[in-house]
Every structure is written in structure tokens, then in C-alpha cells.
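One structure, pasted below without further comment.
By letter and in written order, the chains are A, B, C and D; residue numbering begins at 1 in each of them.
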Amino acid sequence: MKIDPTPERLEFLARDYSQGFIADLGMKAVQYEKGYLESRLEIQPRHRQQDHYIHAGVLATMADHTAGYAAFSLVADDFRILTVEFKINFFRPAYGQGLVCKSRILHQGGQVLVGESEVYDQQPEGIILAAKATITLMAVHGSRIKKVSKQQAFKHER
Amino acid sequence: MKIDPTPERLEFLARDYSQGFIADLGMKAVQYEKGYLESRLEIQPRHRQQDHYIHAGVLATMADHTAGYAAFSLVADDFRILTVEFKINFFRPAYGQGLVCKSRILHQGGQVLVGESEVYDQQPEGIILAAKATITLMAVHGSRIKKVSKQQAFKHER
Amino acid sequence: MKIDPTPERLEFLARDYSQGFIADLGMKAVQYEKGYLESRLEIQPRHRQQDHYIHAGVLATMADHTAGYAAFSLVADDFRILTVEFKINFFRPAYGQGLVCKSRILHQGGQVLVGESEVYDQQPEGIILAAKATITLMAVHGSRIKKVSKQQAFKHER
Amino acid sequence: MKIDPTPERLEFLARDYSQGFIADLGMKAVQYEKGYLESRLEIQPRHRQQDHYIHAGVLATMADHTAGYAAFSLVADDFRILTVEFKINFFRPAYGQGLVCKSRILHQGGQVLVGESEVYDQQPEGIILAAKATITLMAVHGSRIKKVSKQQAFKHER
């Protein structure tokens, strides 16, 4: 199941990274390698919480999603990546103008992949490590993923 | 430091819950007790990911924020709650019309509080447990929180 | 793969629980139900650390092993249970005469099982919750486990 | 509170590392630097589980204890280090003749320290990464630690 991604595959994944919630938040894939992905987010007022810090949920979302897409570069294109669990430590509140997330897959064994994501805060004074996460992922063949039709998902959202 | 919250304090916290990122996402506090909080989110298309499932980052954000506010009900009103770390397991992809999060503080010792959040998926067929998180929080006196002025936070966002 | 364990299977698992490291430490299965196991350890001086507290590693070992055997009761007898990862929060240092661990499987989906373990400290003043863990387990068919022969494992231990 | 350890302090900590449960298991500190510690364990039959693998609890104990002592090198000698929580991922079952653990403190802020431990399995074919842990620690002044007298701890162990 371990594969080497083609440049076309990495380009496809970089575009594929920003959809739905992630596109709405404004997160973008900026540098792709086999088993590695760096993403970026320009901070807007809506990303902040009650004390003007960037909400921990923004950092967690970025850490999870970026690790998931780092994993996509290691599996065949008919596999999907699901997050089994993740754990994130926050070192200091983030408040800068941007976030950078660097995710690397540490281990791939059978269906399970384990990644690490470092989230950096771009403060006026420099860039500092704000959070670090460990993410356990599972590669599942597309045929085994329950399809949620747009109709089913969105019927209540008229 | 352990306190009993007044009804006014709980009403204040319920309103305070929805600010910035959380208000933008649409999450609301719906039931407050001492050390316990239930929140709700009506799902919109922008909360979903590439396969129409609700993004794991939405569940994680809700699990973290709701536990944090459950903790606020246990400390004096001049203390702030910071997330030290959290860990979340995803049991099944969520795709329903709403999420409900139930957070309870399990332990309060010194400055450290530990909470648990269960995130339920309101599917057409019924409500099911989609994820469970453990959140380590720290109560810090407001005077020790570095203030981020609106100006500092937002100067690059004009 | 989900099964109902027979009473004979539960009796077998209760005996099987105490082998190798676990038998050496003195941990015993004391109450088995489908998806649930309670274990007990009588504390000896060697279980303690530099400040006379019971070592965190003793609690962690008990939390992991007991959850693993709770999972065994939910799979066919030709499957093995592997720990993918676990996370444990320590609420207060334990120092009593015994530990009790209660492990319950929260979720079983495909090959992945998620359990929770609560470790209680039997202090002279009463029994209190000392730690709580979340354990992600995987059920793997015995034929897929690499066999480590006694010879291979122990050749350097003469 | 951040300090530079003297060589004498590091020598003291290296000896101090092996007490109680850790000495009983046979774990030893082998290389100390400021904020870094490497430890070693020669595997004995009693460290193994039912399938001859080294028990996950042995790896977890080593990951926790070694990170705790790495943290000791960063605080004044009247402070104690407590484990708030840890999380460990197991990449592959360990079965070799020895374990090596490398722990590094990633972050020290206020009272909270966050470390990472990598546990390596010394197999006949070479040394491989078997597990990785993240450990959240807290530095607490010795005067605030509840003393457990030998008498209190051991009175039931005659």
C-alpha cells in the first residue's frame, strides 16, 4: 500500500486540501513532499476568541487536516484517510497574523499511520511554536466509506 | 478557589460562550450546571469536509470550548481558563443536521482541571456518540494573562 | 466480528490476564463482563517511586492491560488485541495499599476498539479516583501477528 | 525558575533516576544533558507479555519516567516534577534484548513542561523506533507535595 506520489498527485492533493470547512476558514497547502505537508492560514478576526487570541480549535483543525493530507501522499488514490484520534498540546496562546502548520508522517504500518503536526504562530516579533499534535490516522479503501449524498447531508439546510 | 456559581454567573457564561470563532461557527451554550455544560450547533454546508461529513475540526473545537466553559463555572470570575492539551477519539464520521456536546469537569485539583466532552451527531435516524475528548485545563488569574490589545491583534487585518 | 463471550471464555481470559509482566507485578482480573473488566493489585514496596507514591507507570500499565483484556471479551478467540495508543491523566498521586482498575469498551467499529480505564487508589481513608485513561485498540487476526519464538526472544537472556 | 544544571546536579539526578519501581525494573539513566535524558533497560523475561513481546507498560513507564527526569534538569533542586498526563503511540511490538529511551523537554512555560520520549527496541537486526510519547509535566515546590511517610505507605506491607 506504500506508494511514491507523482508530482501530479501532489498537485491534485494540494488543491484538494482546501474544500468545505478548510476552504471556508482559509487554510491552504503551501509545500508538499512525500509524507510531509506545510499549510498556511492568514488570520482574520473571526478566527479569534474572547481574549483576541486565535482559538485553539483553529490550531487543532489545522493540525488534524494537514496531517491527514500528509498521509494522503503515502497511499494509493483509491484510499481515504480517516482520523482515529489526535492529541494536541498548546504551548502558548497564539495571536499573530498567520499560522503555519508543518505535518510529517512518522510511521506507516498496515492501515495505521501516525503523524505529527507543529503549529507556528507568526507574531510581529517572529515565528514561534504554539502547539504540537500527534495524529493517528487510518487508510481505508474508498469502497468501504459510507457515502453521504449531498441530498442526505444537506436536506435540512434549505 | 473552588466556588459555587450563582445563577447570574451561569447566565453570563452562557452568553459569554458565543464570541469570536465560536459565534462565527454558530455554537451555543444550551444547558449549564456547576461543572457541566451542554452546547449545540446547527450544521451548515461550510462545516463539512470533502466527503460531506462534518469536519473533525468542528467536533474538536466544540469539545474543547465547551469543556473550557464548563470549567469557568468552577472558578472565581477573575480567573481565566486555558487549554493545556486535549485528546479526542472519533468513533464514526458525523454527518447529521446538528451536533450536541456534553462536557463535564471530572477533576479539579490546584490550578489543573480535567474535563471530558462527548460530541453527539444528530442524524435523521437518531442521535449517536461520534467523538469523545479528554481536556486538561488550567485556571490562571486574569492578571497573569498577557493582554493582546485589539490594535495589536488586528493591525494587520485592515 | 462482534461476539458474545461464553462464561468459559471469560474464565479463560481471567486466567490469561495474569502472565509475564502482569503476573510479575501481581495484577489480577477480578470481575469480567462482556466489554468490561475490573482488576486489582496489592501494592508492594517495589511498586513505589522515590517519594513513596505508587509509580505512574504501574497505574498506566494496569490501565492499558485491563482495557486490552476487556476488549478480548468482544472478539473471536482467534483474534489478538494490540494497543495502538493510550492517554492517561493523573488526578492525584496514589499511595494506598491497593489499586483497582475498571475498564470498559466504549466503542467497537471495524477493527478499532476504544476503551476507558479508571484507576482507583485504595487509601486508608477510602477509595478515590487517581487516574483515567483512554485506550485505542486494534483487533488483529492471530495469523497476522509476527510470532516471536521463546528462543528468539530469550536467546540473549541466558 | 529556569536554571542551568551543574555537572554535580546531573550526576545526582542520574543516580536518583533509579529508585523504587524503576530500580526494580532495571532502568538506568545513561546520558544526561540540560533538558535531555537517555535511559536504558536490559530486557529480562519478566518484562514480556503473553506473546513474548515486551509489555507496553514497560515502554510507557520508561517514556514517562525518563521525561520526568529530563524535566528535573531544568528546575531548581527544591522543586518536584509531577506527571499531569501522557499519551503514547505504539508503532510496532517490541521484542528485542534492550530498550533505549530518549526524552527531550520541548517546552517550559510557567510551571508546565512538555516533553517527548522516543522508545527504541534493540532487535537483533538493528535498533528501531517502537513508540513515541508526549508527556505534560508540572514543577511543584517540594513544600507543596503531601508527604507520604514510609510508615503510612508501608504499614500494610509488613
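The rule is simple: a contact is a pair of C-beta atoms (placed from the backbone, for glycine too) under 8 Å apart; a residue touches a chain by one contact, two chains touch by 3 or more.
For clarity, every value in this text was computed on a predicted model and none was experimentally measured.
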Fill in the blank from the handout: When B-D and A-D are ranked by contacting C-beta pairs, first place goes to A-D
Practice task
For the copies subunit C and subunit D, give the interface type as same if over half of its residue numbers appear on both sides, and as different if under half do.
Solution key: same
Fill in the blank from the handout: Taking each chain's mean CA coordinate, subunit C and subunit D are separated, in whole Å, by 20
Exercise for the section: Could you grab the centroid distance between subunit A and subunit D? Build each centroid from C-alpha atoms only and quote it in angstrom. Expected result: 31
Problem - Shared interface positions of subunit C, touching two or more other chains - result: 84-85, 87, 89, 114, 134, 136
Handout entry: List of subunit A residues in touch with subunit C within their complex
Key = 84-85, 87, 111-112, 114, 134, 136, 138
Completion exercise
In the complex, the residues of subunit D that touch subunit C are 16, 19-22, 24, 43-53, 55-58, 60-62, 64-65, 80, 82-90, 93, 95, 97, 124, 145-150, 152-154, 156-157
Handout entry: Touch list for subunit D against partner subunit A, complex
Key = 87, 89, 91-92, 106-107, 109, 114, 129, 132, 134, 136
